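Below, each structure is written out as structure tokens.
Next come two complexes, and both contain chain A; in the first it sits with chain B, in the second with chain C.
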Partner chain A sequence: MTSSISLDSAKPARGHAIARVLENRLPYLIIAPAILILLLVGLFPLIYSLVVSFQHVTMTENDRSFVGLMNYAELFRDARLWEALGHTAIITVIALPLELLIGFLMAQLFIDRMLGRQVFVALLVLPTVISPIVAGATWRLMFDVRFGPVGEILSFFAGEPVRILWTVNPSFVYPAIIICEVWQWSPFMFLLLLAALSNVDQSQLEAAELDGASYFRVLRAIVLPSIAPVIAVACLIRGLDLVRIFDIIWALTEGGPGSMTETISLYTYVQGFSQFETSYTAAIAFLVIALLTVITTVVLKRMELAR
Partner chain B sequence: MKFKTFLGATALVALANTATYAADKDAADAAVEAAKKYSGTTISIVWEAGLQSLDPLNYSGPKWEKLTGIKVKVVEVPTDQMFTKILQDFKSGAGAYDALNVIPSWMPDLARAGALEPLDKYVDKYGYRDELQDIAAAYRDNQMQYDGKIYGFPDDGDVMLLYYRKDIFEDPKMKDEFKAKFGYELAPPKDWKQFDEIGQFITDKMAPKVYGAGFFRTAPYPQYMFQERFRMEGGKFFNPDTMKATVNSDVGLKVFSQMKAENKFMPPGVEQWNFVDNLAAFLQGTTAMTISWPPYGRWAAGYGSGEEALKWVPKSQIAGKVGYAINPLGRPELGVGFDLSVSATSKNKEAAYLFIQWLNSKKTSLERVQLPYTLRDPFRSSHYASEKYRSLWPDAPAYLDTIKLSGERGLLDLSLLQQDKYDEAMTKAISSLWAGEEPKTILDRMAQQFDAITDKVGVDNQKAVYKVWAAKPGAYPK
Partner chain C sequence: MTFAMLPRRKTRILALRYVGAIVLTLIFLFPVYWLFMISFKTPDEIYHVPPLWVPGQIQFSNYYVLFKDGDVVAIANSLIVAGVSSVVAIILGTLCAYSLARFGTGGENLAMWIISQRMIPPIAVVFPIFLIYVYFGMVDGFFGLILLYTAFNLPYVIWMMRGYIIDVPLELEESALVDGLNRWQVIWKVVFPMVRPGLMATSVFTFVFAWNDFLFALVLTRTEVITFPVQLTHYFGGQSNFWAKIAAMSVLGTLPIFVAVSVMQRYLVRGISLGAVKG
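Let's turn to the complex of A and B:
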């Protein structure tokens, strides 16, 4: 009798416990398949690449033996790799501030209500929706020495034929890349900054105006602090994109003349898919991941967004 | 006893049938006959994307299906990705490709990796050896085998030819003035000094309407031009004992300096010209000389001008005015080419082999090289002699004779292990040359890059492959 009572009372207790456990774990159980798939899709290739980077795999030699840190040591001896990183830095350091500045100026221009504003904004954003490889190919045609409008316009102003080999002449290849890059991505900055400027507290601006604050004073004391988080995010996104720049350069110069405009993405591509150095390419990829992680962490920390 | 006799007789009859198989039928018919047993299957073939692949898409693929019931799936791949795709398929073991188009200079890498099926047993089984002898020696002896085994059938007579404007070269006034100035006849140049003198002379007389010459200056053509000129001037790529690169010799310097100087009498911006830019300039009459692959000659004559697929080719303004000649110094670069091969991972090797034998056979290949819209060039003695081909346009006999002569004297592309890396170094070096860097600096850097590649591949491995390549008749001029 006693035992039956205890058994009867134990059943609901156990049921409650299971229900509680289920209740606590249910969210985890629900998201588990998605997490598993994400891990498989995201983490597995990463781990696999890491393993490959310690091997000696090329497309022609199927040598799976481990070579320790050989590929990583090779990174430090590879002058072309460091040159490619240098080229990437040059483009990033020049293009990013230009895009930010032009984007900001455009946003300032369009912040006030004006006739046809929406149409102009839509037109200005068009370059951003074009594929970068198409943008690069288009600018290659624009810079063409025989038929390109750029040469025609310069000739018109110079009053004599101006023949610049934009994609061959060492003095003009970087300007050509940066013009194309800035043309395509300044509108992206413009869009973000236009949205941010629209949200600046109008009462503060009006108060400053009543106090007779100059434009630059208002800009420095009210506008920039208000839109600083958006600027930081925009710079982070574009900065990371610029470190990975590939398509525009591929279409314009293919990294030439010689290796003069070869960026880290182009070099990685060449090593992986033209020279078939699979393991070495994996090591380069991890170097780039490490660099980008450091940059992102530092920027996020500075922005105090990491939390 | 009677049964045994019957069996023996049957076997003899079967053997006799097999022996006469090849004798009775040409290689095309033999391949069709044998392939009928695979009717209903599908084979895939990797083909260069663009015009080249119109051959199997529009002509040979449908025809093969009609003859044998075997469907052909054409996998179009851009040239610069073909090597990767073929190797990736092999490495993965997927067997997605049955037959392949392979650039001959890739053959050492692909054969060593095991990606190509040796074809000798099929060649003997289907009696194809005799017809292989009809393939021009430059291709047959140099582009078919690796390590003594057949891995591909040369299927494209790529070779560089000099095209020139006969109307300008035969103009009496130009001829007289030229002879008075230089002391020899205005004629297709015999060496690069003559080429430069003629080019500069025409530019001085006729620019900007017509320039002395124009070349395709972006990759990959200039590196083939460098390979040809460097060897014809006496240069060697490597020291055969040490495998140290010798491209930065005085000969290399001379060739680089000449190549750069020639831009001065070519149209402005020639440094950026690609295949189509150069073609357009020549066809529109803007340049008086150019060097390129054989399709230029056909299109300049107006052959195929009505074809939908060739609408992008500018209408030739110089039809009937084009002369064909062998390159200066007389040994032109073969420049790329294609072999037909069978993938080692194919699940339909026999059917794939029979398809490539049929494609490559005397009969089918003659039809294919006359397709106006594809880029396959004559590569067999029977193509050069074909009455049908020679009657396609008035100057076709001269065109075919020049291709034949150029093919016979053709210089092989350098073909080593990981050749793509040496090619990349040459391509980058030449783009630096157009950008104005000092030739000596560029050549020294290129030699260093060659050495680094050789060290990575392994000096002894590469030395062995180089030795085999350098011993071939088309490697270095004798």
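Let's turn to the complex of A and C:
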């Protein structure tokens, strides 16, 4: 795919020495600043974290002696950590398929040409691009028990006053988070699937239609196999985002009530910035990285197998 | 099935699709509508039970308050941080992408390492970065935040621009070299005009990512360079929320995104899928 130009052919016929050096070293000169910044801000903190995770450093005591795997062993005894992982899993496992399904249905609705399609798509995509903090704030206003419209709309359909403390009541915090999450990200799935669906081979679809194949048969035999790679990529992107979900929950419930909706990112934040457990936070961070790496590898492997 | 065969059925399906499209749009846009409406309401209207669907009149006092109290500084901070970091990331990232695409510098491994940087969860690095920033006195300053957003947008820019640059026909560059242009001139006069649309789209997304970030801004700002998402969370209280400010600030913080995205609509798919789906 990448064909490279030999540098010799690019040598200028004339020009002074500095220009020539700039020219000959160019591939490395222009790559250097970006790589330097990535190493500095991307890799350096990771290495720092890795070292600290084998020590016992907190904000108050700066004991630099190595304690081996103590912090990692502690991970297994930390009930709140596993609860946080559980909360993260619940949100991911429910929200991801919902987003995929709703996104797919939306894409089906708009796959054929219709007047004003561009406008509809542009409007529907808005939730995806706004800040997750704004999305969370918006739904907090929507869900408000006295002044929010959600209760009002539900009351209208129920025929009696419905008063739900969405962001406080233990039975409703997860639905609240998932509604907000699905509202914001279904349009993302929609956009990717719409692009994928419009790339499906039209002649195959027409042939199947002539043969009188049913909608679901066409879907299973032709459409799904051809959009499977896009579905996989979309699920991977969203899955990784869901595992590190932070902003929406911060804006909606702040992890409450109690620590009922505390996800792994929120828990890491609490350990780092209110408990000041430097070393332990680093250990959690590597647990998260390991988790995401495993997910990514498994998905990518399956994608390759599917090909 | 041709249109002439079953015109009535076709028309009915189309009508149903329009109904579906309109209902769907209403549902998805209602929260956005609600946000805008609250931002125009008076306090009496905001705290009215049952909620009012339309404000009595459009008035801007909620916005005026943001300006009077100086809260809009957060928007200005966001503009500076997201703007400068996008420009820097675009320049450095595009150059790096050119090297990767045309000279194959570092091979596939370097390209994969760069994209893997994008997968690092912010929560895993934010704490060490915070400690390092404290050490160097970079907390609550523009430089630190700009550096961070630049670093976190670089993998995205490099990955996207590498794709756009590979799409530029190699012959164009070769003939320009034969004509006596040096490599810098080739980049500026041949490649840049070709990738300009992709570059614009990438810049917009870079800006949006930096603009929307909350976690880094939450940790690394105190009072001086508070960005708008952090400012927004300050309006939530235990018992009372400053609804008027929440709504007005959200609208102010969302308008630039609306404008940017409507302009860049045709690049949306490629932009948000890291180019995995070419839109």
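Definition applied: the second predicted complex is superposed on the first by the 263 of 307 C-alpha atoms of A that agree within 3 Å, B and C clash if a C-alpha of one lies under 4 Å from a C-alpha of the other, contacts with A are read in each partner's own complex, and residues count from 1 in each chain.
Convention: a contact is a pair of C-beta atoms (placed from the backbone, for glycine too) under 8 Å apart; a residue touches a chain by one contact, two chains touch by 3 or more.
This structure is a prediction, so every number in the text was calculated from the model and none was measured.
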*Is A:86 touching the first partner chain B, the second partner chain C, both, or neither of them?*
neither
_First, second, both or neither for A:110, with chain B first and chain C second_ = second
*Partner chain(s) touched by A:31 [first = chain B, second = chain C, both, neither]*: second
*Kindly classify A:296 by the partners it touches after superposition: chain B alone (first), chain C alone (second), both, or neither?*
second
*May I ask you to decide whether A:273 touches chain B, chain C, both, or neither, giving the answer as first, second, both or neither?*
both
*Just chain B (first), just chain C (second), both, or neither: which does A:225 touch?*
neither
*Which holds for A:146: it touches chain B only (first), chain C only (second), both, or neither?*
both
*Have a look at where A:97 lands relative to chain B and chain C in the superposition and call it first, second, both or neither.*
neither
*Per-residue contact with chain A, leading partner among chain C and chain B*: C
*asked:* Show me the chain A residues, by the header's touch rule, that chain B contacts in one structure and chain C contacts in the other.
replied: 146, 273
*Which part of chain A faces chain B closely enough to touch in the complex?*
59-62, 144-146, 163, 165, 167-170, 254, 256-260, 270, 273-276
*asked:* Under the stated contact criterion, what part of chain C meets chain A in this complex?
replied: 1, 14, 17-18, 20-21, 24-25, 28-32, 34-35, 38, 46-51, 53, 92-93, 95-96, 98-106, 114, 117, 119-132, 147-148, 150-152, 154-155, 158, 166, 170, 173-174, 177, 180, 182-184, 208, 211-212, 214-215, 219, 228-229, 232-233, 236, 241, 243, 246-247, 250, 253-254, 257-258, 261-262, 265, 268-269, 272-274, 276-279
_List of chain B residues in touch with chain A within their complex_ = 80-81, 84, 87-88, 91, 109, 112-113, 219, 267-269, 271-272, 417-418, 420-421, 424, 428-429, 431-432, 434-437, 442
*asked:* Applying the document's contact rule, which stretches of chain A touch chain C when the two form their complex?
replied: 1-5, 7, 9-10, 12-13, 15, 19, 22-23, 26-28, 30-31, 33-35, 37-38, 40-42, 44-46, 48-49, 52, 106, 109-110, 112, 114, 118, 120-135, 137-142, 146-149, 152, 183, 187-188, 191-192, 194-196, 209, 230, 233-234, 237, 240, 243-244, 246-247, 250-251, 264-265, 268-269, 272-273, 278, 281-282, 285-286, 288-289, 292-293, 296
